[in-house]
Structure formats: C-alpha cells, structure tokens
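What follows is a set of structures for review.
Two complexes, one shared chain (subunit A), two partners (subunit B, subunit C).
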Partner chain A sequence: MKFKNLKAWLYLLPAVLFLGVFMLYPLVDVIIYSFEEGYNSASQTYFGVGGYNYQYVLNDPYFLQALKNTFILVLITVPLSTALSLVISVALSSIKRLRSWFQTLYFLPYVTNTLAVGLVFMILFDQRSQDSIGLINTLLSYVGVDPIDFINGPYWAKMLVLSLYTVWIVMPFKILILTSSLASVDEIYYNAAKVDGTPRWRVFTKITLPMISPTLFYLIITGFIGAFKAYSDAVALFGTNLNANEMNTIVGYIYDMLYGDSGGFPSYASAAAVILFIVVLTITVINLLVSKKNVHY
Partner chain B sequence: MKVTLKNLTKIFPNKKTKSEVIAVNNFDYVIEDGELIGLLGPSGCGKSTTLNLLSGLLEPTSGSIFFGDDDVTMLPAESRGVGLVFQNYALYPHLTVLQNITFPLENRKGKDKLSKEQMVEMATEVARLVQIDGLLDRKPSELSGGQQQRVAIARALVKKPRILLLDEPLSNLDARLRLQTREELRRIQRSTGITTVFVTHDQEEAMSISDKIVVMKDGVVHQTGAPQEVYDDPINYFVATFLGTPPINCFDGCVKDGKISIGDEAIMDCAGVSDREVIVAIRPEGFSLDGDEKQVFTCELSRVEVMGRDMSVVAMHEKCKSPLIRAIIDSDNLKNLNGDKVVFGLKPHKLFIFEKESGERIRF
Partner chain C sequence: MDYEKIKKASARRDIALKTVIYIFLAIWALIVLFPFYWMLLTSVKSYGSYDSDWMSVIPSSPTLENYKTAFSAVPLGGYFANTLIFTLATTAIMLFVTVLAAYAFARLEFKGKDLVFTLFLALMMIPTELVVITNYVTVTELDLRNTFAGLILPSVTSVFYIYLLKENFAQVPDELYYAAKVDGTSDIKYLFKVMMPICKPTIVTITILKVIECWNSYVWPRLVTDDRAYFLVSNGIQEIRESGFGRENVPAMMAAVVVISVPLIVLFLIFRNKIMEGVSRGGIKG
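Let's turn to the complex of A and B:
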C-alpha cells in the first residue's frame, strides 16, 4: 500500500514540481507581499505587516480609474464580441460558396501582431492636424460631424476606440471556435426539425443554441477573464503612459507599480494583483453558477 | 394514405471523379393505404435514399411521388406531413421526453395553434400508445435504447402524419429487444392504421412484420410482394440469396437432357429447359431424409447440430459456392444418418435454378 502511494507520487512529481514552482509558489508569494508594507525586492526588507497596501491601492485615483476602465471594457466587449461572433459564425455556416475564404479573412486579425493592429487603428481614428485626418474622421466629416480626437481627446471617444479595438482583436478566436462548434451539431437534428416543419428562428433558439451552449459559455468565461487582464490593447493604442491618458487597466496599473516611471512598489502591485484575482475569481464563479443552470448536457 | 411512386430516380453527381451514382433507378410502386412496407436490401442499395425522397429531405432527379392524389414531389419536407424516425433517433438531448414529443406540435401556427394543455394531452396519448407514459420527465440520455426508440416513434406519430417513415428503426437495439420491438412496431402500426414504410438490411426483420417487402439492390427494385411470396418465388439469384436464414445453399450445376445435375448426379427433372450451365439453389428446408422424396443428392457429412424440434445437418460438397451446406431436417429422421456420407432427398418447390451469368430465374 505504502509502496503504491510512493509510486503514485513519483508519477505526479513532474506536474507537482512544475505547478508548485511556477503557479502555487508565486501565488502564495504575491499574497504575502501584498500584506508586507513597503517591501523592497532588492534589500528584501519591509516595515511591517498589515492591510495598508490594500488601503493605499483602493484609495489611489489611478487604481480606481483603472478599475473603472477595466469594468467598462469587460461589460462592453465581452457581450458585444460574443454576440457578433455568433452572428458571423452562423452566417458563415449557412453559406457554402467562399466560406473558407471568409473564414481565413475573419481569422487574419488573430495572427496579426497586436501592436501592428494598434497602429492601424491609430491611423484610422487619428486626428493629428486639420490637413491629415484619419479615415474615420474623414467619413464623419461627410455626414457633417466635426473631427473627434479619438486618441488624445475625450474619455468616451478613447474608450470607444479601445472597446472596438478589443472586440476586433478577440473576435477571430471566438469565430473560429463557434464555427467549428456549429459544424459539430449533427445534421440529423436539423433534418428532424425540418420534417416537423420547424421555423428557422425556432431551430436556432431551440436546437442550435442549446447544442452549442457549452462552447458559448466557455467563450464567455474565458472572454471575461481575458478582458479583465487587458493591457496590451491599451498600450498599442495609447502608449505606455496610460495613467496620463486615463486609459489604464488593472494589469497596466500593476505593471506601472512594478516597472513604470512611478514604479518600484511591489507591495502595491501585489495588493492590486490580489484584488484582480479576487474579482476574476468571483466573476468566474458567478459565470459557472449561471452556466450550470443554462448549459445543457 | 395511398402512396404512389412513379419512375422515381435519384442521381448523385460525384464532383471528384465527374461520374454519377444512380442511387435510385426508376422506382415504380404503389403503397396501399394502411400497409406496412419493408424496404430491404444490402447497404448502398438505395433504400435510405428512397426513404429520404419520400420524406422530402432529398429532391428526386426525376419521377414523382403522390400522397393519395396530391403530387408532393416538389413539396419541401416541412409541408409533407410525414413522420420520420431516424436510425439513431435524433432525439433532442437537451429536452425532456415530453418536450421532445411536443416539439412538432409547437411548430403549428395560426388556427392550428394548440394550447399547452392540448399539446400535453396529445403527447401523453401517444406516449401511452408506445408505452413510455411513465418516462415523460426524463432526458433522452436517461433512457435505454428501446425507450429512446419509442420516444422517437411517439414524436413522429404525435402530429398525426400522413405516412410514417422509419429508417433502420431496430438496428441500434440488442437482439432480444429488437425482436420485442418489432412486434411492438407492428402493434403500433396496426392500432394507428398509418401507412408505414421502413428501411432495413435485416431480411428477417422485414419478412416478419411487413405486409409487403421491396427488395432492392444497386438502386434497382428487384422484387416486390408479400414476404412469403417473395421467399417462395424469387425472381433472381440475388433475391434468393438475400432472403432466408440460414441462407439458401448454392451450387454450380448444369442442365443436360432435361435434367438438373450437380457434379455427376442428376438431381431433378426440368423438362423443356435447354442445356446450359446454371446455379442451383436449395433452401435449407428443401432437403429431406425421410424417404418420401427420391434420395438423389450425395454430400460429405460434416456434423449434425440438434436444436430441439429441428436439426441442422451440416455437410460439404465440392460444387457448393460456400464451404458448408446447411440443411434443416425434422429430428425424427436422425436415424437415417450414418457414415461420412449423407444422401438427401430434395423438395422440388424449394429448389430454384438461375442463369449462371445473369442470375435470372429459369422456370421449369
């Protein structure tokens, strides 16, 4: 019996070591740092232990801005990108001609560098000077709207561009997953529904949606997690000085606290990271509870 | 509902090889009202295609289909009012049994629209007919194969279809359940009186419950008729070999001077047939050892399998197309067996001869 246990542990060793060193240890360490006031990683010293770091972070206007930005981003981009991807995937699955051509087209953003796409968005939405305005502002001028500075202008304009950009970036993956999920629904259910004279909308809501609901919820859950961890998208559009732009995200705040111009505060960064962790965990648990009620199988 | 098929043809083009597959070739047939028809044939013979043409899921290349006097050839599946039971049942896994059965009813619109109570009532009624009324709250995954199959039949019946179509309805069930369910199928069909077409590759299944069978091969209908008629009077070699368990025993033989011979032995007279090479086919029950018939056909005895009332005499013959001959004989005649040879008598109406090349029946 004992020998058997030993063998089992031996088999588990690679995974345990790997997860322990790269997952569990850092996680525990971050939680510890977050309670150590003024921790200095160079000298490995700190003043005391307590909730001060959390108090500081939660009262930092930059953090609150980042928290607000992240939540707005999550609430706009996750439903929007998922719904749009679903519409596009259903449309893709119902055409025969040019389907693979369109599939490639829709997948292109996924294999394109984030920063390159960011640059393209900047050029699209730019308004540098009166004589060289971006495509969007040119189009707006045709319908009589004054040029808007999407990159350095009002908060809502910047948030709009960031949201659009994020939706654009995350959609290819969702479309890919959803089209394959749609394709895996057995044709026979559609035939059965057809023989019974089922209207198309009812086929979609009563058969297609329930059948792909596990995939859909997978995308929603990973979408939430991904959106909460947004950072590179904002950098691609607005550069690294996000606090000045009011466009920082939680991950951006953590990064700034560690390495940014105002950086060198691993304790604050840790506290912010733990807060992010708790937020993501809570949302994911809620998601899972909701999905249990609505996902079939 | 009487169903008429006129010159029904379905051709599938093959894009890769630029060739065509004729799945159903000039199918002409009339199904009388209230009949249970078994479409029978080996896989790839076009029987499922025929069923899909009837359901409207496929469009014929040419020919026409009538339900009663209505030409439904160009009518899409949703307007034909057929009930279709799929081979793997196609029950919606996320819906309960009740929701599955009411699904077709909920599609009704306008004046045909039903209230929730009416739908539940109709569903409960068919559920009782197929004896699953205790399972209405379950999900399909919580049912056995036989129960799922009944749910599928209930779903097909609940909308009172003009005809009921069943695609290999019993192939997913185990042997015992299959036997039981086919009786059940017959009972349900009788009690509803609905014109039913079912597809199967299992000749025993088709023979046991159909009013008429249609034997198909390579898209062509070979023979139609009541099961016993077709069995007793096959029009060609394929039909003879396809029907019957144990299968018919076939031998290379010839006709010479008005006699059928296998090897050196002349086994039967066939006056009026000119000399030629033939295939001789003898049903397992066509052999006898009781001495009523002339003992003419000598085989090497392999073994005897006694199964109660009957026994199987397993023998060998060098001209036989299969390694073993199986003869079913009344076990009273066991005493007539000794040594390593067996000499059978042959019953004339259980012996058929066919052209060697074309497989056409030669009547004598």
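Let's turn to the complex of A and C:
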C-alpha cells in the first residue's frame, strides 16, 4: 500500500510542482503583497501591514478610469454579443444547405491572433494621415457623416471601436456553443408543437429558450468573466500606453503598475488584482443566483 | 379557401423566410471575413502607390515586396522561430504533466486522492491575472527574464486539461487494466500502450487548444521579455505598430499580420472538426 501511494504521487509530482510554484504559492503571495505597505522590491522590506495599497488604488484616477471603461465595455458587449449570437445560431439551425460552411467561417476569429487582427481594425477605423481618412470614415462620408477620429479622438468613438472589436472576437465561441445546444434539443418537442399548430414565435419562447437556458446562462457568466479581463484587444487598437488614451482596463492597470514606464509597484498591482477578483466573483455569484430563478431545469 | 391555396401560400412564406435567413447569415459572414480580406488585399498593394491605391478593391499592381520588407525591416523570422520553440516546448511539457496527473487521478489509488482532486478543481477558478504578479517577481528574482525557461515554465499548467483527460481516462473499462496487470504489464507501459492510444482524440484536442493558446499569448511574454531576441509574434507585431514601420508603412504591417495569422488558420482548416469539438467541450478563450 505504501509503495502504491508513493507511485501515485510520483505520477502527480510534475503537476503538483508546476501548480504549487506557479499557482498556489502566487495566490497566497499576492494577497500578502496587497497588504504590505511601502514594499521595496530591492531590499525586500516593507513599512507595515494595512489597507493603504487598496486605498491608493481606489483613489487613483487611472484606476477609476479603468474601472469605468471595463464596466462600460462589459455592459455593452455582453448583452450585444449574447443576443446577436443567439439570433445567428437560431438562423443557422434553421437551414441545412451551406450550414457547415457558415459554421466554419464564423469560427475563424477564434483562431486568430488578437493583437494582429486588432491592427486590421485599427487600419479600417483609423485616419490614415492628417488629411486623408480610413475606410470606415470614407463609407460614413457617403452618407454625409463628418470624419470621426476613432483611434485618437473622442471617448465614445474609441469605446465604440473597442466594443465592436470585442464583440467580433467573442462571437465565434458563443455561436459554437449555442448551435450545439440548439441541436441537442429533442425533436419530439417541436413535433408536438407542430401537431398543435403552434406559431413560430411561441415555439421559440416556450420550447427553444427554456431548453437552452442553461447554456445561455453559462455563456452570460463566462461572457462577464471574459469581458472583465479585457486587455489585449485594447492594446491592439490603441497601443500599450492606454492610460494616456483614457482607454485602460482593470487588467491593463494591473500590468501597467507592474511593468513598463509606470511600473514597479507590485503592491498596488496586487491590490488591484484582488479587487478585480472580488468584482468578478461578486458578479458571478449574482449571475448564479439570478440563473437559479430563471433556468428551467 | 381551398387546401391547395393554403399550401401554396405557406410554401411562399417559407421561401421568403429562408431567403431572409440566408441574406442575414451572408451579411454576418461578410463581417467576419472582411478584415481578413482587407489585410490580404492591403498586404499586396505597393507602398509607393498606397496613397492613391489604398481604397481599390483589386490592387492595380500586386506585389510581394511588402513581405520582403516585413521580414527584413524587423526580425520577423526570429519572432516566428521563438514562437515556434515556445509553442512546441510548452505544449510538450504540458502533455507530459497532464497525461501523468490524469492517469494518477483516473487509475491509481492513493490516500487523499479526492481531496487533492478537489483542490485541483478549485484551482481552475483562479484567474491568471491574480497569479501573474508573483510569477513575474519570481521569474525576475530567478534571473529568468529574457530566457525561454522564463517564458515557458509559468505557461505550462492547465488544470482544465488534466480534468478533461482524467474524465476520458476514467471511461476506459477496468477490465483492460486488470488483464494488463495479469500479464505483468507495468503501469507506465499500460498508460503509453493502451490508455493513450484509446484516448487519442482527447489528447489531440488538448494539444491543439494549447497550441492556439501559446501562439496567441501576449501578456506573459510581454512581461518577461524586453529583449527583441526573445519576442514572440504578438509582441513583435505590437513593437512594429508602436516603434517599427507600423503606421508609416501600412502594407508591410498588413503583410506581417498575414504571416502571423496564416499558421493558425491553416491548422484550423485541417483540424476544424477537432478544434470546434474541443472548444465546445469547454475551451475558454485566452
């Protein structure tokens, strides 16, 4: 028996080592970091223990800006992408010809490099130079809209581009999950509805939606979590100096505190990371509570 | 109204609805495809005539010059090689770690197994953002910045893949194991000769998902590398945008974007069913 124990642990050893060093230890450490005041990484000393780091972060205008940006981004992109992917998935499920073609095509953004394709979006929305405009602006000018600087211009324009790009990026995952969920609804319910002559809309709201509601809530929860961690999409569009662009996100703030021109403050970064974790956890719990009431089985 | 008329009217309505659905799906397909089309198109437009040619839908004089520029103006080939090394090494180590751990959980008996497994599952909920700070400090203190070890080691762990493979391993009938034991087969041989071939689809799936994840990783490489000799493609493209030829020479930048995107798109087209199945079983982006 002893030998058996030893052998099993030998199999587990690599995983335990990796997880211990790069996940478990950092998890404990980051919480300790976040309470150590005035930590100096050169001498590895700190003044005391307390909530100063949290106080600093919560009063930092850059953090408040990042918090605001992240919340706006979440509130725009999660409902929009979920609704749109639901419509697309329902449409996809109702056709037979070309269906797998469309499915493959729609999945393409999932396998692309966020940074690389973000540059294409930037080019499309950018002003090419001082006096010439990019493709989107040219198209807008045909319908009589004055050029808008989407990349360096007004806040709402930048937020619009960021939201559009985020939606474009997250759609493949949602469409994939929803179409497979729609395909798993038992044909028998639809046949029963057909016999009764139920109108399409009623079939959708009374059969389809309740049957896929667990999947829908799963997507909303993962959508919230994903959107709260937005960062590289913003970098792709606006560059690494997100604070100056007033386009930073919470995750971006954490990295900026850690590294780069404004970096070198692991304590502040830790406090911000813990705050992010608490926000995400809270939202997830609320989501779960709501879904308990509304998911039908 | 007679039956024939009702039937015809209903058929007409069906056709109308189908048409609307196809048009709608085609529009979304266009939105998805357009950025890819635009980057390909722009990448073959000549830099010299870009100012007059930038909006044309068919380039007047297609050229591959931009691809040359992309590779010569920045060490794009080097970024590529780095990404390849990083992706292959990380995926290989991940497979080794995952297969052994999944086997221990699925087949071996030991004290505290349930507790350890629960702990593993709990780790799945920990976001990377929370642990990246300490990892950054650890790697810096170990003097591993700008090394492949520093890039690879913290990127290996994937609790989710261990879980996925364990579930698959557990489905292999016990009888096979006992038969192998009677024949005197060792555990390690049983794992490699029986379990892994049976569970090959899952192993292929997690391999591909990890490759995608590695190829696109940006945040960790950016934190631990500031020497261009260790840049991955994501960091390379960001560098090109911010301090390279970037917004000056848009066609060359798009050429670089194409070069970076093509490997994964090809991989996807070859393994599309495996990838889509794998992702729908619980892949989470990023």
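Methods note: the second predicted complex is superposed on the first by the 268 of 297 C-alpha atoms of A that agree within 3 Å, B and C clash if a C-alpha of one lies under 4 Å from a C-alpha of the other, contacts with A are read in each partner's own complex, and residues count from 1 in each chain.
As a working rule, a residue touches a chain if its C-beta (ideal position, glycine included) is under 8 Å from a C-beta of that chain, and two chains touch if they have at least 3 such contacts.
Quick caveat: nothing in here was measured; it's all calculated off a predicted structure.
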### Query
For the overlay on subunit A, clash or fit between subunit B and subunit C?
fit
### Query
A:M211 contacts which: subunit B (first), subunit C (second), both, neither?
first
### Message
Quick check on the superposed pair: does A:F47 touch subunit B, subunit C, both, or neither? Answer first, second, both or neither.
### Response
neither
### Summary
Across subunit A, the partner (subunit B or subunit C) reaching more residues is C
### Task
May I ask you to decide whether A:Y155 touches subunit B, subunit C, both, or neither, giving the answer as first, second, both or neither?
neither
### For subunit A as apex, the angle formed with subunit B and subunit C - C-alpha centres, to the nearest 10 degrees
80
### Message
With both complexes superposed on chain A, which partner does A:Y189 reach: first (subunit B), second (subunit C), both or neither?
### Response
first
### Message
Quick check on the superposed model: minimum Cα to Cα separation from subunit B to subunit C, whole Å please.
### Response
7
### Query
Where on subunit C does subunit A make contact in their complex?
18, 21-22, 24-25, 28-29, 31-33, 35-36, 38-39, 42, 51, 54-55, 96-98, 100-101, 103-105, 108-111, 113, 116, 120, 123, 126-127, 129-138, 153-154, 156-157, 159, 162, 187, 212, 215-216, 218-219, 222-223, 233-234, 237-238, 241-242, 247, 250, 253-254, 256-257, 260-261, 264-265, 267-269, 272, 275-276, 279-280, 283-286
### Message
Which residues of subunit B touch subunit A once you look at their complex with the stated criterion?
### Response
55-57, 76-80, 82-84, 86, 88, 90, 92-95, 103-104, 106-107, 109, 155, 159
### In the complex with subunit C, residue positions of subunit A that touch it
4-5, 7-9, 11-12, 14-15, 18-19, 21-27, 29-30, 33, 41, 87-88, 91-92, 94-95, 98, 102-117, 119-124, 126, 128, 132, 135, 138, 168-171, 173, 176-177, 180, 222, 225-226, 229, 231-232, 235-236, 239-240, 251, 254-255, 258-259, 266, 269-270, 273-274, 276-277, 280
### Query
Which bits of subunit A are touching subunit B when the two form their complex?
186, 188-189, 191-199, 202, 206-207, 210-211, 213, 296-297
